[in-house]
Structure formats: C-alpha cells, structure tokens
Amino acid sequence: MASDVPRSSIAGSGAPERPARRSVLNWLLATWGGGILASVLYPVARYLAPPDIPEAATLSVSAGSARTLLANSGRVVPFGSQPAIVIRTPEGELRAFAATCTHLACTVQYRPDFQRIWCACHNGQYDLNGRNVAGPPPRPLEAYDVNVKDDEIVIARRS
Amino acid sequence: MRGRLRPWLEERLPLADVIETLRHKTVPHHRYSVWYYFGGMTLFLFGIQVGTGALLLLYYRPSAAEAYESVQFIMTRVPFGWLIRSIHAWSANLMVACAFAHLFSVLFLHAYRRPRELTWVSGMILLLLTLAFGFTGYLLPWNEVSFFATRVGTDIAATVPAAGDFIVRFMRGGKDVTGATLTRLFGFHVAILPAVATILIGLHLLLIQRHGMSLPPSVEQRAAKDPGAIRTMPFLPHFLLRDLFAWTAVLALLAALSTFYPWELGTKANLFAPAPAGIRPEWYFLWGFQTLKYLPPTVAGINGEFLAVAAMGVGAAAALVLPFVAGHTPRSRRIIVWLGLFALSFMAAMTWLALTGSAP
Amino acid sequence: MKPFLTATGIVITFLFGSRHVKAQGGIEAATGAFKDDVHAAAGLTCNSCHSRSAQGGERYAAIPRTAIAPLCARCHSDAAYMRGFDPRVRVDQFAQYVTSTHGKRMTAGEVRVATCSDCHAAHGIKRAGDPRSPVAPVNVATTCGRCHGDATRMTPFGRDAAIPRDWSASVHAVALLKRGDTSAPTCNSCHGSHGAMPPGVENVANVCAQCHLREAELFRASPKKQIFDAIGQAECLACHSNHRIESPADTWIGLKEGAVCAQCHDETVGGVQTIRDVRQQLDRLSAAVAAADAVLTRAERAGMLVDEGRQALRDARDQRLQSRVLVHAFAIKPFAEMATQGVTAARRAQDTGDAAMRDAQVRRRGLAVATLLVLAFLVTLGLKIRRLPDVHRE
C-alpha cells in the first residue's frame, strides 16, 4: 500500500522534502527511461538503414564476365548455398546448370577434352544439355536460365 | 517554449477534455485487481506486433520463391534483424497467452455481465482474430514446419460438410498449400486482420472507457454493505505507472528471449517432399489438434473429426453469446465458473498431452 | 521370392545328381516356377528345352550339366532368332562363357562349376533388370557367393571362400546394398558375368579406372607406374586391396608400422620427405576442418546463423577430398596446392564461426546493458509508485 506521508526525518521537515525526493525520482526515471528509449531506437534506426548487400541472392546471381568465358570452357560460381556451373559450348552458346553431381554430390567441372561436364569423383559425365550420359549419375543436372547484361553473365533459377 | 506549446495544442486539439476525463478515471483496487492488467498487456503486445511487423515488412517478400530467403536475409544480414524478427515471434506467443489469460480472468470475475455484454463480444472476436493472426503469420517464413502445419491445419476445415471444400479452397487460395496460400495469408495477416482488429480494439477501448472497470460480484456485495470499503486508485498516475512497470518488464523479457532463444529459421519448404514425422501446429492450437487425435474415425456414422470441429464451434458460439444467456444468480455464476474451469483444464490437459507426445 | 527359392532348390538338386531327387517334388516345383518365367511369357514350353524321359508319359528328362550351356546357346547365340524377341539383346554370352574359367572347366567335363542355370535359375528365369532375378545387381554377390563363399565347394579347387564376405564388408557393398546406388560395382562389374575371370595383375587398374578415372590418370602419370610395372605389382590392389575395399584413411600415409606406405617404404628408400609432407598436410587440413566445424556448431547452438561458414566448410571438405585424390600423383606439388586451398577455406569457415561467436557475445552484452537500464528503471518506478499518495474514493 502506498503510505500517505513519507517517513520524514524527526526534525520534522515534512512537506518540502517530498518535492525534492520526487524530483530526484523523476529525474532518475527520466534518465533510465531515456536509456531504455535509446536502446529501443538504436536497433530500430540501424535496422532501417539498408545493409551493404541490399537483397539476398536467391533467384539470380552474377557469374562473372562474359568476355573472359571462352568457347569450350566452363566456370563454377556460387549460387545461394550451392555451386552452379556456367559453360560456353564450342559453338559459343552460354548455358548454366546446378554444379552438384546427382550421384554423390561432388562439384562437377567442364572437361574441354571430353566436351562434357565431368565429375571427378567417379567419372560421371553430362552432355552440354546437362543430361547424364555416362558413369554413375542417375539424373540430369538442373538447368538455369542465362542472360548477359553489359558483359555480366546473370544466371537465374527457372521458375 | 513549453509554456507556449501547450496552449497552442489545446486551442486546436481536445487535449484538455481528454486529460480531464483521464484525471477523473479511477480503477478499483481489491484482491483480484491484478487481473486488470492483462487487457492492457495484450494491447501493448499488439502494439509491439504492429511495430515489429511494420519493420519486417521493409525486407520480407511474400512469394514462395523468396519468402524463406528474405527471412534468412533479415536474420543474417540486416542489422538487428534477428532481434526484430525474434521479438515479433515471441511477442506473438506472449500475446496469445495474455489474450487467453484476459479472457479467463474476465470469465471468472464475471466482468461480462450487464452492461458490458458488447465488450465481451468484441473481446471474443478479438481473441479469434488473435488466433487468426497466429495462424496466418506462422506460414510466412515458408519453412518446412510451417508449411506442413498449415497444410494439416487447413485440412481440418475439410471435415465441415457442404461448405468444407469451399472453406479449404478459400483459406488456401487453391486446392493445395502453394505460393498462392502464402500470398493470401500474407494479405490477411498484414492488411485485413489488422484493419478489423483496429476497429474492434477501438470499440473495445471505447466501451471500457464508457463503463469503467468491472467489480467482481463478491467485491460488489461488500460495497453494497459498506460503501467506503471499496478502495480505488486514480488511473493517472497510479494505474498507468503500474501498467508501465509491467510493460517495461515484458519488453525486457522479450529482449532476453530473443537473445537466448532466437526463433529458428528451419529449412525451406519443399512442396514435393513427404511430411516429416511429428508435424504439429503452434502450441495454442495443440489442444484442438490433440483432441482430434483421440476421436475415432466415425461416431454413430458421423465423421469423428467433424464432430470435434463442430463441438469446438458450438463451444466458441456459446462463449460468444455468454453474457446474453448467463444467469445473474450466484448459482448460475458458479455454473459458469465450473464450465470455465472445465474448459481451461481440458485445454491445458490436451496441450500437455500433445507436448509429451502421447498418441491414442 | 518363391520362384527363386524353388529354382534354387532345383539347381541344388541338379548339383547333387538328379538320380537322387524325388522326381515328383522336383517336377511340381519346376512347373510352378515356370509360370513366372520370361520363356513361358515368350511362348516356350517344357518341350522347348526338355526331351521326353525314358519312362515316357509326362516325365521330362533332366538335362546333364555339361549340356546346359550349349542348350541355352542354341537360341541365345542365334542373332536372327533372338532379334525376333529383342533386337538389342546380346548374343555373345556362350562365346564369352567358353573363355571363362567356368566355361573352360565345364567343357573339360568338370560339373562342379557354374553354368547358365546356376546363376539364372532353371525354371523361374527373370530378366536381369528384374529385382527378383538372381543376377539383378543387388543379388549378384549372393548368387556368386553360393559357391564362392562356400568352403566345401572352393577347397577342392584350391580357392579362397572368404571373398564374398570380404566384398560385403567393402564400401562398394555399402553403396549398392544400403544406399541402393546401382552404379557401385559387384562381382560381375570387375570380373565380367559370362566371361568371368579375375582381371589379372596387369589389368586390375583398367577395371578400377572405369569409375575412378582421375585416380588412374594421376597414377599413370606418376613415378609409381613404372615401378609397379617393373616389379609386377598390381596397381590399385597394393594399397586398396581388391575385394575388401574400405574407406581409405589419412593414417595410411606414413612410415610407421601399420601405415600402407610402410609396406614398401622405410627411411632408407626414396620418397620419405614426400610421404611425411603429404601426411602432415592432410593432418593439418583435417584439423582445420574439425576446428571450423566445432566453432560453427557452437555458434549455431548459441542461436547464430552461419550459412556462409557452412558453405566455406563444404568447400574445404570438397578440397580435402580432392587433395586425397591428388595423393595418387605421388608428388608434392599438385597435392600441396589443393591442400593449402582446403586449409584456407577451412580457416574462412572458422573465421565466420568466430565472428558469429563474437556477435553472440555482443548481443549478450547489449542485452545486459538494456536489462540493467530496465532494472534500474523498474526499481525507480517501483519506488515512485510506493510513494504515490493513497487516494481513497467512493
């Protein structure tokens, strides 16, 4: 229960002490309250400012320069949490696939001597359309869309 | 400067009226008055949800292809995104708990009685809206657990005869749970439900202002015998400061929960994968989920699941119209209390059974 | 399963000599099994293979074991005839069989070796692709093992009966039988089926190279190839064994007792430094991977998300795998480059984990500050509430 009169000192000061104590309390409240407000507003302010990487690379990702990807060669790039491979066929066409071998999940690479996408782990081979044509892989590689914008290759998941 | 601001505002806004009204507002102070805080706490948590929800909206993307990644982005790349998201999730759960506590305390203290019938009705609808908020929001991270929980939850609506299929299609935006479901539930969660809730909260608060805090019958009886026996406290500043105390404590609790028990991200939903074992809805739906498990497939020729759903529907409807059918005698009040205790224990027991993983 | 067991019963009956069989039971089993036979489906009958018995009537004469393969070959080596059933089916099985150890001995009159009906069954014959067939990939080792795992059968020929058991303990058996990976080799993958012969010392590497091409390429380019050729040592076999092929371990590389290299190498023979370097770098790489994994797991338990770190760790594990492959170059250079890349990736993963742990600490410290402020606020507010005048109304 709130008591009506605070225990004043025996010297009987009474009324004048109460405002002083109350203003100290109020001041403390304002200080702590301001601190709490700051510890709420600071994270919110930081949250509102856009981060360095403005969005997640989910649907599409850059796969480097188009000029430096020569015919009959390939390049493995990260795409989200999985690797992707982008190849330029001997005819010059760009294609991209998921680079996780469908056999035991090793990362595939391009073999210019076979002109195939090749998995080093157990000699699995995929043709230039991603189809599994030799060795253990049981399924083709997932195909991605490829576009070129200002010499930048952009690969995107097929929706 | 401050001395000039106030008169300027008072000339233009009805500030003086509002402050005067509030200054005269009192709140009864008795052994049960601790329960008066739960309504305000629910409102406070709703405010937290609106605030953190608005912040999440700046980065969240409501499509099947991007939802999970956007939540992952918020949790890993956005500064304090982890905090905003975890607070949103924890506060949702606390809000549901508070809403139920508020409901049951109002029930046991008989605050639904005349003239507060409409307050009760609007409150019941708000509780249902809160559960709807929870259900719609749960799917939005588009992870495995939420995807399958939504599928199981919407499946239950199919047991309703005649209208069941339509209800399921309405909730899912199609036959199955897909990206269309995500977009639809998102629309409900951030626009439709908030709009309706705001209107009802406004009504609810207005009615509370109009009628003040209800006195439990036992306290009222004591007041009838001895007019000076009721202690009250002024709303300003006594009650409001106590409210502030509770709200600040809960805010700190939310921060601690978010730091030590951050809400999980899970794995992205895969529409074609089989359901993992142990799929279940959020804890506040568990009691219903468990009840369904105990019912036999058919009871006297009627679909068992439908019976349970119908029973729950009847229960909700009865609760909705409670103030209009409840009697005023002490005996009928005792019946209400027993019914309420039964409902509460039933829900608690079913929830506990579900959590301990028991199956029929 | 039932036709297979029935066929097995019949085969064993034949192996012990048909005269000792209760003819009645044998014929019933045979006709029952034949109902689910590819030949029956193609319209063949008992008459197609059996001639009437001397007793006459419905009895059919059992076919002498040495006559079985030529009998089957009457159709199965006739390309024009087989084309009518399946244009792409092979017709060289008998030709291969007579080059095999089984075929050579059977032609010489030894009936205790395998012929067509021993592996394919006699009456309930299924296609090799049918999982119930005794020659389906998952069943081949069991079928071969019926003789090659039986000491009473193998000892007369001076052969080891432990081989099927050895293979069952290998990584290939685990891949085929537990993971269902039908690309994993079983008996006929390396030995051939109809022309079954052990590959022979010079040819073992070609067999392994069908799948393990990279390792074979590296080995052939390495100094080891000439040495092994010179001493007549089978390539892959020397370190990996042929049947009980187990997961290789980094501890195989070393000069101490128990290491595989130590079988030939000691301090005096060349390559000591390379062996030591390779082992040391592999150990270093494994330690880096383990340390990164540990800190990432700790970070995850503390509630932090470390996807980038996990990706880097995946890269490191990938590079560790490739380093182990590059061991087959038996030289330090390409191996060391890959191993170093692996260590770099593992360190990157570790750094992510460490940063996440530091972040977790920052979060906790921030929470502590905010909580202290809240506590101070609550205490002060509590005091203020207590000091509020008690106002009775009503």
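When the chains are written out, they are named A, B and C in that same order, and each has its own residue count from 1.
Convention: a residue touches a chain if its C-beta (ideal position, glycine included) is under 8 Å from a C-beta of that chain, and two chains touch if they have at least 3 such contacts.
The shown structure was predicted, so the numbers you read here are calculated from the model rather than taken from an experiment.
Judged by the touch criterion defined above, the protein chains are all mutually in contact, each touching every other.
Looking at A-B alongside A-C, one finds more C-beta pairs in contact between the chains of A-C. Legend note: the chain whose CA centroid lies nearest the centroid of all displayed protein CA atoms is A.
Mean C-alpha position of subunit B lies 56 Å from that of subunit C.
Subunit A and subunit B have Cα centroids separated by 33 Å. Note on chain placement: the centre of subunit A and the centre of subunit C lie 37 Å apart, centres being C-alpha means. Among the residues of subunit A, those in touch with two or more other chains are 2, 36. Residue positions of subunit C with contacts to 2 or more other chains are 307, 370, 374, 377, 381, 384-385, 388.
Within subunit B, residues 72, 83, 238, 248, 251 each touch two or more of the remaining chains. By the touch criterion given at the top, residues 1-4, 6, 21-22, 25-26, 28-29, 32-33, 35-36, 39, 78, 81, 103-104, 106-107, 120-123, 135-136, 138 of subunit A touch subunit C in their complex. Residues 26, 72, 75-76, 82-83, 223, 227-228, 230-234, 237-238, 241-242, 244-245, 248-249, 251-252, 255-256, 259-262, 265 of subunit B are the ones that touch subunit C when the two sit in their complex. On the side of subunit A, the complex with subunit B involves touching residues 2, 36, 40, 43-44, 46-49, 51, 53, 55-56, 58-59, 80, 157, 159. Within the complex formed with subunit A, the subunit C residues making contact are 181, 183-184, 210-214, 307, 310-311, 318, 321-322, 325, 366, 369-370, 373-374, 376-377, 380-381, 383-390.
Put simply, subunit B touches subunit A in their complex at residues 55, 58, 65-66, 69-70, 72-73, 77-81, 83-84, 238, 248, 251.
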